[in-house]
Amino acid sequence: MVSNPSDQETEIAIDVQGIRKTFGLLEAVRGISFQLKRGEFLTLFGPNGAGKTTLLKILSGLTKPSSGTAVISGYDIVEGNPALRSEIGVISHSACLYEDLTPLENMLFYAKMYSLESPRERSVQVIEEVGLKSRMNDRVHTFSRGMLQRLTIARAIIHNPSILFLDEPYTGLDQHAAILLKEQLAQLHTEGRTVIMTTHDLDRGLEMCDKVAIQVRGKFVCFESGQDLERTSFLQKYFDAVESNK
Amino acid sequence: MNHLGYLFAANLFVWGAIFFYVFTLIKKNNQLKQDLQLIKETLPKDSES
Amino acid sequence: MREYFNHVKAIVWKDCVTELKTWELFSTMFVFALLVIIIFIFSINLSIVNSYDVGPGILWVAFIFAGTIGLNRSFMLEKENGCLQGLMLTPADRTALYFGKMISNMVFLILMEAMILPLFMIFFNVDLVSHLGPLLIVIFLGTLGFCALGTLLSSLSSHLKTREIMLPILLYPLLVPVVIGCVRMTGEILAGKALATQLKWIGSTACFDIIYIGVSLLTIDHILEE
Amino acid sequence: MNEDNESGPPILIWFTVLMFIAAISAIFMYVPTEKTEGIIQRIMYFHIPCAWLAFFAFFIVFVCSILFLWKKDREWDIYAHASAEIGVVFCSLVLITGPLWAKPVWGTWWVWDARLTSTLVLWLIYIAYLMLRMRTDAGSMRARYAAVVGIAGFLDIPIIHFSVLWWRTFHPKPKMITSEGIGTGMANEMVITLGISLFAFTLLYFLMMEQRIALEKMKDEIDRLKREKLYSN
């Protein structure tokens, strides 16, 4: 499913147009538009309650936007085509794993739900990839936070998605687990996947991004390229944005 | 046939309930109107400052 | 279509594996149903009341109370760790999720009922063995209706803060026809009448089953969407 | 200060008031007293319109719920909510006037007769509906959940009706005049009075709906303004 980045350099993977989402009194997302090319890594900064999670939920098809459209890999998210869902992998606050089952059983279940060809082989392979082979048959509720996070990554990439959404993946991880996660992410990115990651950790976020955006109170106040980014001026921008939030 | 009491009670309930419901509607209505007024008064001030 | 069945099968398989490891759902439901029956036995005087008259009602009350606990628990498992979100991210059709949950709820409920029946026979001193066939059909029809509506409403109430309270409040009034029908049918069967004399009750319960499976299929999409 | 610019109550209110004056005078002055039941039978002119309205209101909930799930338009959600609330008010009145009529005529407050039982179950369903609305936060989730319960609740009514009807057939019927019985032997004056009363109550329903909908819309407007204030940058 992951296409070779060299021959599809200019292809647009994510095209968001004027997305809005309202929950009663709260307007979580207030008109966001942007485009991402295939294989790009977007880091989305923003203070708590800026609507980052809501934006990712809309893009991954869990929530319908109140207005606006988004096209991901050629599929309209408002239509909610099931085929779109096998293009996307999501890592969110919740692990989405069954605590009473073993990693292998969890992966087998998700492999079946994604209708993969050979569920067992793929499950073992993906568990190996995140380095949990030795714990394959223990129950998930005995796992540490770091191991759980690695298994969450395994769950998110089991169907080999071309697009990844990561919602605060570093939260609650110790130093060691964070380094492992970083390596894993770099690996996934170099394989040609389009990634959107939200975080409020500036250092981690700036490490490997192609594009950066700052979201404050439901709007993008900044969307620029990551390579030629002036670090100090960006920091200034970020702190201004956080300040204006108060 | 002296069931006047029952008839009276039934009437009492019917009209009582209807008026009570209408009364709560009016009360809510007035409250909302006050809220609306308050917000409308504060809104322009906010945009000026 | 094959894929659809595989999704349903995967969910039922997952629930059964979990259950085989913990025995949580089954044991909770079984003990609760047993307690309901025992409480009823203490609250009525079996030497005065004919157990053929009150038995069917008590049996169904026990099934339904225990079933409600099972439904609540079964959706709690999906909400823990955000598993429901994980399910929603997979390309599986939403109705497949509904069918999967409904079938696994039904499997556990029927298992529990199968365990309760012999105890019921002993406690109430009624003869079930000679009417076992028709009785099982009635229990199947009633459990199907309960699970069809119950799975829909528990998926709805699992998103609420007060889910344990809201589920029975929503479920029981709607369940009235099934309760009346099943209690009546069970009573008549225990009294030795053939199931064929109960056609209108079978009809109304089957109608209920079909209507609520239909309603669920049409509306589950709107409920599961966040 | 706000009362001035309302320019007096509109025609619907006057018309409803007028119809109710007509209905009450018909009930207490025009219509003859029923022979077997006596003066108490006049409850019927409130009881039946209330029952009709409750049923009608729940039907509107059903229709609006379907339309909401189809169109996803907040408007239909407001209508369904308003109608359910009014329906519960009238359904409660049916459940109160019923026993008040039954006590002197049948000698008991409550009989588990088919009609009473199904009304009670109906009332419970829509109480649950309103409770669900109260306990869910505003937004599209509440509207969708309520719509599903609104649809499921109404579809249950025919099955409930038949099952409670068959449920009681094995027991002796209470000695009473069913409303079909009254209906067939009703004098012309009675039919006219009932008609006026039905009409007046139906007008009242629409009047209440109008007010309830306006109220909900005003709430929305306040929410919108508050939101504007919150995100005024």
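Here are some notes:
Chains here go by letter, A, B, C and D, matching the order in which they are written, and residues are numbered from 1 within each.
We take it that a residue touches a chain if its C-beta (ideal position, glycine included) is under 8 Å from a C-beta of that chain, and two chains touch if they have at least 3 such contacts.
For clarity, every value in this text was computed on a predicted model and none was experimentally measured.
With centres taken as mean C-alpha coordinates, the chain found closest to the middle of all protein C-alpha atoms is C. Between the chain pairs A-D and A-C, more C-beta pairs are in contact across A-C. If you average the CA atoms of chain A and of chain D, the two centres end up 50 Å from each other. Separation between the centroids of chain A and chain C, computed from CA atoms only, is 39 Å. Measuring from the averaged C-alpha position of chain C to that of chain D gives a distance of 32 Å. Averaged C-alpha coordinates give centres for chain B and chain C that are 43 Å from one another. For chain A, no residue reaches two or more other chains under the stated contact definition.
Among the residues of chain C, those in touch with two or more other chains are 225-226. The part of chain D that touches chain A in the complex is made up of residues 137-139, 223, 226-227, 230-231, 233.
Chain A makes touch with chain C in their complex at residues 57, 60-64, 82-83, 85-86, 88, 90, 92-101, 105, 109-110, 112-115, 139, 155.
By the touch rule above, chain A contacts chain D in their complex via residues 22-27, 30, 217-218, 244. Against chain B, in their complex, chain D makes its touches with residues 2, 33, 37-40, 42-43, 46-47, 50, 86, 89, 92-93, 96-97, 100-101, 103-104, 204, 208, 211-212, 214-215, 218-219, 221-222, 225-226, 228-229, 232.
Those residues of chain B that touch chain D in the shared complex are 1, 3-4, 6-7, 9-11, 13-14, 17-18, 21-22, 25, 28-29, 32-33, 35-37, 39-40, 42-43, 46-47.
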